[in-house]
Each structure stands twice: as structure tokens, then as C-alpha cells.
Amino acid sequence: MSDARPRVAIIMGSPNDWKVMQAAEQMLDDLEIGSDARVISAHRTPERLTAFLATAEDDGIEVVIAGAGMAAHLAGVTAAHTMLPVLGVPLPGSDLQGLDALLATVQMPGGIPVATFAIGKAGAKNAALFAAAILARKDDTVRERLAKFREAQSAGVPERPPRD
Amino acid sequence: MSDARPRVAIIMGSPNDWKVMQAAEQMLDDLEIGSDARVISAHRTPERLTAFLATAEDDGIEVVIAGAGMAAHLAGVTAAHTMLPVLGVPLPGSDLQGLDALLATVQMPGGIPVATFAIGKAGAKNAALFAAAILARKDDTVRERLAKFREAQSAGVPERPPRD
Amino acid sequence: MSDARPRVAIIMGSPNDWKVMQAAEQMLDDLEIGSDARVISAHRTPERLTAFLATAEDDGIEVVIAGAGMAAHLAGVTAAHTMLPVLGVPLPGSDLQGLDALLATVQMPGGIPVATFAIGKAGAKNAALFAAAILARKDDTVRERLAKFREAQSAGVPERPPRD
Amino acid sequence: MSDARPRVAIIMGSPNDWKVMQAAEQMLDDLEIGSDARVISAHRTPERLTAFLATAEDDGIEVVIAGAGMAAHLAGVTAAHTMLPVLGVPLPGSDLQGLDALLATVQMPGGIPVATFAIGKAGAKNAALFAAAILARKDDTVRERLAKFREAQSAGVPERPPRD
Amino acid sequence: MSDARPRVAIIMGSPNDWKVMQAAEQMLDDLEIGSDARVISAHRTPERLTAFLATAEDDGIEVVIAGAGMAAHLAGVTAAHTMLPVLGVPLPGSDLQGLDALLATVQMPGGIPVATFAIGKAGAKNAALFAAAILARKDDTVRERLAKFREAQSAGVPERPPRD
Amino acid sequence: MSDARPRVAIIMGSPNDWKVMQAAEQMLDDLEIGSDARVISAHRTPERLTAFLATAEDDGIEVVIAGAGMAAHLAGVTAAHTMLPVLGVPLPGSDLQGLDALLATVQMPGGIPVATFAIGKAGAKNAALFAAAILARKDDTVRERLAKFREAQSAGVPERPPRD
Amino acid sequence: MSDARPRVAIIMGSPNDWKVMQAAEQMLDDLEIGSDARVISAHRTPERLTAFLATAEDDGIEVVIAGAGMAAHLAGVTAAHTMLPVLGVPLPGSDLQGLDALLATVQMPGGIPVATFAIGKAGAKNAALFAAAILARKDDTVRERLAKFREAQSAGVPERPPRD
Amino acid sequence: MSDARPRVAIIMGSPNDWKVMQAAEQMLDDLEIGSDARVISAHRTPERLTAFLATAEDDGIEVVIAGAGMAAHLAGVTAAHTMLPVLGVPLPGSDLQGLDALLATVQMPGGIPVATFAIGKAGAKNAALFAAAILARKDDTVRERLAKFREAQSAGVPERPPRD
């Protein structure tokens, strides 16, 4: 949880989702991008969602990452109430292993877009990287950190598989 | 479209959904239950949804039937804003033939229920019959009409398949 | 298991299903709605089902919640023999993780409705909440308890994810 | 529709199912095995099903072929009420193209078996061939006709694909 | 493993399949029907399969139960080489949890039938019960044992779920 | 095809994909955002892809929309070669109706993000809207046009379904 | 159908499969590789398959392409009887659109490999190209023709989508 | 890891994939075929892939086995850059259990083939056996070892399931 001014909101439907969604916070921290993580249920606290979104942009939020499982409506409902870019992360944990959350997030009808990423931690990490790519369009510091991350990531892939 | 006072609201995400959802209206008409059909998009007109739900119960609505396709959030978002029984009808038409709408409607997390029916017209008709079954718990007239429908339905099944 | 007069029947195909279906009983208990839990297999004890349904309404049952797994026929067969509202809960546990039970419950052909909820415990809890919503249409006490539950549920969602 | 004494019952949930299920009758006709085709809905005419099964064995029926679509309960409910071999044919036509009917037919819990065949016409034809294989266990005439069918079938496969 | 003369062959693609398929042997033992369990791989020992089938009927085998996983070809290839009734049991264990084996077993093209049962132990048990139902068409002793099993099974379903 | 300087590249694997992907161009045109549509196959013209990406950013491209079907690798391979935001549109048309393209696009492993949208035209339109939302982070003109589109879109939803 | 000595066998389960499988013949013709197309059903003509395979290698066949639909066993059974490389093409046309054929072909258990390609015509064409890649390992003429095809294919991708 | 000159490259997207992919190396070792295992990510190290492929054929590589999970692009991108036969192994481990990797590998559009094998270890082993089958077309030593393996494999299948 960086001390930097939050520019990315990470919202999730349940505190249990944090075990996956903290991968987004961690990735943003590594890129020194401030974030703000909140629990907001599209179904159980709909007013909290609209209240949050009413001031999010004025509060400095530029991108919203929304993680939810099962019939995952959080990202779509968020996108209905804001023009900020909304990144959806389908969460596993249901009996259908996240296929329900994936389809409920990605299959948005035309008119209100949600940018969707992979089910689970890979998706949470990639949503953070994509938020950085959006910020990098106008912020050279972010762009440089992102470039360094990409270089380090490539360099970190070992040439050979592990032999025990 | 019966002239009776509307007791059941039929809402749908797009005017295109009417070709399926009118099966609900027709079934309610046959049971002489008044209904009110509206187009309300969870994503494109979220304020219209909350405005409608704010007065629905006072307006005499006792059950809401919500039909939507793709990442179908309409029934779930409706259920988040009302304590009326919400019946969800997943609509086909997407490339995934309604599997996306089915999972996005039925897989609601614990706490906010949506009663879900089959994909498409069979689901729209059954949602109407189920609305009648709810009303029949306190309205003997509806109960009698429902009983007559059930009898007629049984009697209408032919004994033999058609020979041309 | 409340001492209140049972108004909701909770039936399930096998005693093993109880580990999921007790979530329905628990939710009804919390709402002080009496329930009656029984094991009735659509396949192994079909006569028990028809005998139970023959007197259920006279015994004060107003809603039936039916949980079953695999080729889950219990809810559909129940709905064929009663005009009471039937709520189906697809159970996981098969190799297909409940997808079979979901489709076998929700895809009812037009004419005999089963209101279907999510696979597993979330579905069992939501079926109980939906049963309460049906009873609330004519019982203000239930309506008030349901309203209190919904308020408490909203208030119970923490603002922030857990930091260890 | 052979004039021979019916030994195989072909039941289906709706008259619309006949366009698929007549493939079973045709195959039985070709093998000179008498059959009796009936429309019996597990959901809309449950009494008709139990009445039929109560006398089926005494009426000379030795095998029941049951075709149904969507949440296909017909074969399973039939098997619950008889010890005759029950052959299930999942029918397409739903938005899910018969995957729902397949799982609702084949995934029977342990204790009450339904022998399941492919979705649609291939399954209807194969159910008829399998009924013949059952009868052939005690009826040499059927066995010989089945053997001739198998030989003719093999011989009828062309060596080369068609060149136009 | 009963001492009775084997009338049912239980074949499986790998010795690992025995942990599931022994449910078929056990059920047949309970019904005092002799069986013969063998490992025969359609892919790795095709000659063993044809050799076995060449004499199976003369050896007294009346029904073949074939269990296999993944791209499960064993039941279909068996059915191609015999006119005996072939019962297919799709086995789980693959990454796709037996969906592959189910489709590879049940979706036989028209002409060569395989009677398919549920994935895993439920299917193995039901295949055994179905084999008994076939034998019961000409063997009253089997019919009586099967009737007793069915009665005992119904009686064994407890009325209430377990309270700890 | 707007005359404005292209800021969004629309690439697709085959000229046949244009019938879907032109929905992205149309939406960008409506928002007066210049775009550049190209056919680039990840498999058949890999060099064309790297050549295009080598200069894309210098050429003024700020977002890449990539549409592909079947084993859709185009968006992922694009993301591997650029730090620009890459938006993936899975295309239908295969026997699996785009489920293959959806999974091949959205399930990117952690490290290289692709923002994925719905299968087909809805996804193409939403990718364009999302591209606009990215540009709007630094371009008030785009933000205003996007706001107007959203308002018009909401206003354009009819209150009632069509009565013929 | 080239006059060249057949080096690749194209076998298929039914003459109806030819409308897809001729894409393999056409591709081989274009590469001037002789092929031999035959109808061989794994289920209806198993002896024809073993007879064909017994002499295939001596007859000059170096690769076998096997196309089949539904519970597609042809490629797997072929691989069980030969050490030649076997290429499987899953065919669509079933209610499950080839997903059954795909899983029945690709999910071969360890020990007997089938190289599997995409469902339908794309898979048939690619199987032919892959057969050429195998032959190219020892035949420079084939290698050169394959290289030319690849070059022409790349060159044939238009730079821009079609504008009408 | 044989000391023989590497003729088969085994590449994989992540060092974690080695726990599955070493089944390919082991099988090749058993057949005394030299192999070279490398970690090459299509997404994180695209240049490493093209550099490897630029010299692979000159370095003596005749077949490439590529294993990857999730949106598995490695095999397809490899095939785009080489005319060597590319064998794809879809890896499990994602929430979708490898269904994503399977479709992302096997559903290649026409023009660039990837020979695909089963998800996981069975697929890795079979890819190695298939590589051997390709080499055997021109190398009698490999052919003989493969024949011996096949014989030993058949002989190693026990006649009976294990009795404890």
C-alpha cells in the first residue's frame, strides 16, 4: 500500500476477494503508483458504490479496477456510473471456477465497456499493469517505470527449466 | 397487455428483448394478471432503474420479472435495490447462446436472491407462471386461474405423436 | 431448526446434501421462519414425494425448497405435483461440479416453473431469503425481519479489505 | 409403425419431439420389432406416466425409450417407477443445443440407472438398436435380424468419398 | 468377486480405473451375478480386445461394461466388435474431470450403440444395475433380487437429514 | 474512416474479420477519433506485426485494438511487442462460436496484459469506447464527446418495448 | 486428387465427412503430394480399418489423416494399429458443434499419440500442411514447395480490410 | 537429459511448466533421442523465441515441442516462425483446468498448423512419442526403438485389475 496519492481504485465485492486482489495492489506498489483498496458490493451496498463513484474522479482516481466472483456485476455496474476506465477481474472460488465471473464481466453489451482480464491473480496483476499503461499515456515517469518492469521481467525468465 | 391494475413489472435491457419477453406478458394476460412492461438498461439507464424501483411497491407492483442477455446484470441490480421478489430470465442472442446470461443471472452470491428461469421464451413464460404462484399465496382468484391453467395444460398434451 | 410452525419445506435427495442445505434452514431460523427439512429422493422414493406433496399445503407449507445434485430432478418433479412455489438449489459434488445439477434444475420447459438459485451454499441461503420475500408479500412481520436483515447485511460489509 | 405386438415403448415429453424420436420407431420397424409411441410429459402429465408404467410390463413392454429436451427428467422419472430397462435420448432444440438434456439424462445418481445415448437422431436410432440388443438376449429371431442389419450396415459404407 | 459363473464382463482401460470400476463388481456381487473384471486398453492392447470379444458370448458373457477415461474409446470399439449390449462408464481423472470421457462415450454416431451412464462411481454402480435389468428380462431370479434391492434402497433413505 | 490523424490502430487477423471490426471504426468515427485499420496476421505475417509495432507509437498511435478468431493470438502477441494499451476483441465464426477466441485472448498469463471485450460486434464497439476513455484521460475534447455519447445513449433507450 | 503416388492417406468415418475433408486433399494437391482418400468407419467397418493399416506402410503411405465427428474414435483406433504418424481432424456437424469430436480426438491417454488439429476445414487444411512438414524432413522437394506456399500465403494477406 | 545430439527442442513458457514437460524429456530419453529443454515465453521473451528459431534447424533440431498454459500462444507463434513440425502441449494449472490452453493451441486458423496433444502429462509424453514417429520416417534406429517401446507397452498392461 503505497503512500503515493491514490490514482487507481481497487474495489472488490467481498473482503474474501482480497487474497486475490492484493496482487493488483502489489503490482501498483512496485510501479510506485498510489492505489486505494475498498470493499464495495454491487448487491449488498449499491449506495456505497454510487457514493464512491460520485467523487472518485475529483478525488484523483483515474482508473478503477473491480474484482468480483460468481455473477460478477461489480465492474459492469461501476462502468454504468462512471466514464473512468473500468478494468474487471473475474474471481474464482465458485463451483464453476470463475467461468461464471468471466462471462458476467466480459460479455458486456455494446455501449458500456469493461476491460476484462484473466480469472484470478494473473488477471489482478495484469489489470494493475494495464492501469499503468493507461497512466503512461500522459505520465512519462510511469512509462519509464513500466519499461523497466518489462525489461526486468524479460531478463528474469531463466533460460533453462529447473533441474533438481 | 391486460387492462388490470399492474401487479407484475416486466423489465428488459433492450427493446430487442421484447420478442422473447412478451411471452411473459402473454402468460400473465391469460391468467388475467395485470402487468407493466418497460425497457430499463442496468448499464445505459441506471438512474431509470432506481427511479422505477423507488416507487414500484407503492405503485402496486408485487413481483418484478427482469430479462437481459450477455453479461445480464439487470435482475441482480434490481434485486439489490428492492425487497420485492425478482425473477430473472436469461436471454439468448449472444454468440454464447445465453450461457453467459444464465450464469450472470443465476450465480448470485449469498445475500441477494434472484429466482432464475430457463434461457429464452420457456423461461419468460415460466417466470410469469411463477409470479402467479407467488400472488396465489394470498389471492384465491389467481390461485383458481392457475389451477385451471394447470388442468388445461395437462389435458392439452396429446396422447400420441403426430402422424402426417 | 426453529420451533415456529413450519411454513417452508426444505427437501433434499440425499442425507449428504444436508451439509449444503442446512444453510437454508439457518437463514430461515435467523428470520424466525419455521421450516421442515426432509430427505426425499425423486428417484429412490418417488411415492414419498407425492405423499408429502399431497398434504403439504394443508400442513401449512407455503414454499418448497428442493436441493439435489447431478441429474437433479427433485425440484422439477416437485413442481409437477404442486402449485406451491418451488425453489431449486443445484448441488455440487459431482465430477462436473454442479453444472449438471444447474442445467437439470433451471432449464425447465415452459409450463412448470422452478425458481433456480446458485449452485451450493450461496444458492441454499438465497432460496431461504427468497422464500421469505414470498411470505413477506402477505406477512408484515416477515417483511420487517427481512428489511432488518438487509440493513444489517449492508452495514456488515467492511469498508476496507483485511490487512494482516 | 409396425403391426407387431409392441415390445418397446417410445415416450416423449412433447409432440414436437416426434421429429427426432421417429428415428427410433423407424429403426425398430426395420428390425420388425413392434413399438408403441406416446406423448407423456414428466412435468405436465405426471399421472399419465405412472398410469402407463403401472401396466406397461403386463402389456408386453420390455424396454422403454424416453426422449426429452432441456431439463430432461422423463427418462429418470420413468426409471424411478419401473424395473424395465429405460433408455434415455437427450433432445436438442434448446438454446444450449441439448447439452442440458444430455446432462439431465446421463448424470443419474447411483441407484436408478438410465442408459443414455447421443443427443438427437443418432441417439434415437441407437436406442432402438440397443433395445433390439436387449431383446436379442432371449429372442433368436431378433438376434438374427440385428446381425443382418449390422452386416448390411458394414457393407453399405462406401469405399471412397463422393466425387461430384 | 462372486464365484458365480461370469455373465457380465467388466473391462477397463487401465488398472488405475479399478478404484472406480470395482463399484460395478460390488453391485453385481450384491445381486449375486457373476462377473469377470479385465484390463483391456483399446489403444495399447487392441488385439486383446478383439480376442476377448471373439469368445465372450460363447464363454457365457451376456453384457459388457466398459470403463475408460479421457478420449474414452473402449466402449465404442467394443460395441463395434460385438452384438452384446455394451454399457459405457466415463471415468474422471483427467484435467477436464471426465467431460472428455463422457462425450467420447455417449456421442456415438448412429449405427453402433453404447448405453452410457454417469461419470465415475455412480455410473459404474448404475451400469451394474442396468446389466441386471437386462438379465432380468429372461431370468426371474435376477428380477427378484433386483426388486428386493430396489425395495431396500427405498427403505434405506432416511426421512430426515442428519443432526449432529 | 475519419480524416483525423489516426490515434487508434485497428488490426485484425483476416480481411473477413472486417465485417465485425468495422463496428470499432464506426464508433471511433462517431467520436471523431482518427483510426487506422489494417490486416495483420500473427501467424501468417508475423514480421508485418513487428514492423508495424516498431513505429506505431512514433506514428501517433496511442491504443491498439486487435480482433482475431479461433486460437486468437493477435492481441497477446501485439502486447508482447509494445507498451501501448492493447484491447482484444474475440471474434466468432469458428465452430465453437468464439469461446476459443475469448479464452485465447482473455486468459493472458501475468506480466503482459490484454484488455478483453465481448465476443463480436458488441466487443468491437466497446473496445472503441474504451479506447476513447483512455484518450479522455488527457484530452478534454474526447472526454466531452464521450460524455455526450453516453448522454445520448441513455436518452435513446425507449421507455417501452415495441408494440406492433 | 493428384496422380502422384499416394504418400498420405485421408480416411474419414462417413462419406458426409468429405465436404470437410476434401480441404485436406486440395491442400496436398496444391503441394503436389499424392494422397488416397477412403471412407473407413471405426465402428461400422472395423475390419476395413485393420486391413487398410496392415499394408498401408508397404503401400507407400507415410502419414494418415483421420477425420471423424461426434465420439470420434477413428484417429485413436488408427493410431493403436500403426506406428505411422496419425493426424486427427475433429469434425463438426453434431449438436455439440464438434466439441465432442475435439475432446474424443485430442484427449488420448499417454502411450498412443494422435496429433490433433482444429475442428473442421481449418483443421483439415492444417493437417495436410503438417503432413507436408513431416515429409519435408526427408524430402527437399516437399520442403521447397512448402516454403513457397508459406511465402505466397504471407504475401496474399492484404494490407487493408475491404472497403465496399 | 540424454547426451545424444539434440534433435527435439522442448520449449515452455515458464519454469513452472517443467513439472509437466519433463514427461516429454523422459520419454525421449527412453527412446535415446537427444533433446534440448528451454524456457521461452512467447509474451515475456518474444525475441528469445525468434532468435532460437532462427538457428534451430541449422543446430540440428527437427521437431519442436511447445508447452504452455492459459492463453497458450507459444506453439502457434513458434509455428509462425518455422517450417519445422511444431507439437503443442496445453498445460493445466489455470482456473479453467487447461481448457483455455487446449483451445488456444488446437484451434489454429488454416495456414499455420500446430499438432496438438492432450492437456498435461499425457500430452507431453505423447508429443515425445509423436516426435519419435516423425523421426522414424527417415531413421530406422528410431523406428526400431519405437516399435520396441510399443511392444513393451502392450505387454506391460496387466490382464487383471489389482486386488488388494
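Going in written order, the chains are labelled A, B, C, D, E, F, G and H, and every chain counts its residues from 1.
Here is the rule we go by: a residue touches a chain if its C-beta (ideal position, glycine included) is under 8 Å from a C-beta of that chain, and two chains touch if they have at least 3 such contacts.
These numbers come from a predicted model, not from an experiment.
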| item | value |
| --- | --- |
| Each chain counted as touching chain D and chain F at once | B, G |
| Neighbouring chains shared between chain D and chain E, ordered by label | C, G |
| Copies chain E and chain H - rotation angle from C-alpha fit, nearest 5 degrees | 90 |
| Matching chain pair for D-E (criterion: over half of the contact pairs shared, by residue number), options B-D, E-H or G-H | G-H |
| Chain F and chain G: spacing of chain centres that average the CA atoms, whole Å | 35 |
| Mean-CA-position distance for chain C and chain B (Å) | 20 |
| Rounded Å distance between chain D and chain H, as computed from the means of their C-alpha atoms | 44 |
| Residues within chain G bordering two or more other chains | 14, 41, 44, 70-71, 94, 96-97, 99, 106-109, 111-112, 114, 118-119, 122, 153 |
| Touch relationships between chains, expressed as pairs | A-B, A-C, A-F, A-H, B-C, B-D, B-F, C-D, C-E, D-E, D-G, E-G, E-H, F-G, F-H, G-H |
| Contact set on chain H toward chain F in their complex | 13-14, 42-44, 46, 69-73, 76-77, 79-81, 94, 96, 99-100, 103-109, 111-112, 114 |
| Chain G residues touching chain D - in the complex, by the definition given at the top | 1, 12, 14-15, 17-18, 21-22, 37-41, 44-45, 48, 70-71, 94-97 |
| Chain C contact footprint on chain E (complex, rising order) | 92, 97-99, 118-120, 122, 153-154, 157-163 |
| In the complex with chain G, residue positions of chain H that touch it | 23, 62, 83-85, 87, 102, 106-119, 121-122, 125-127, 129-130, 133-138, 143, 146-147, 150, 153 |
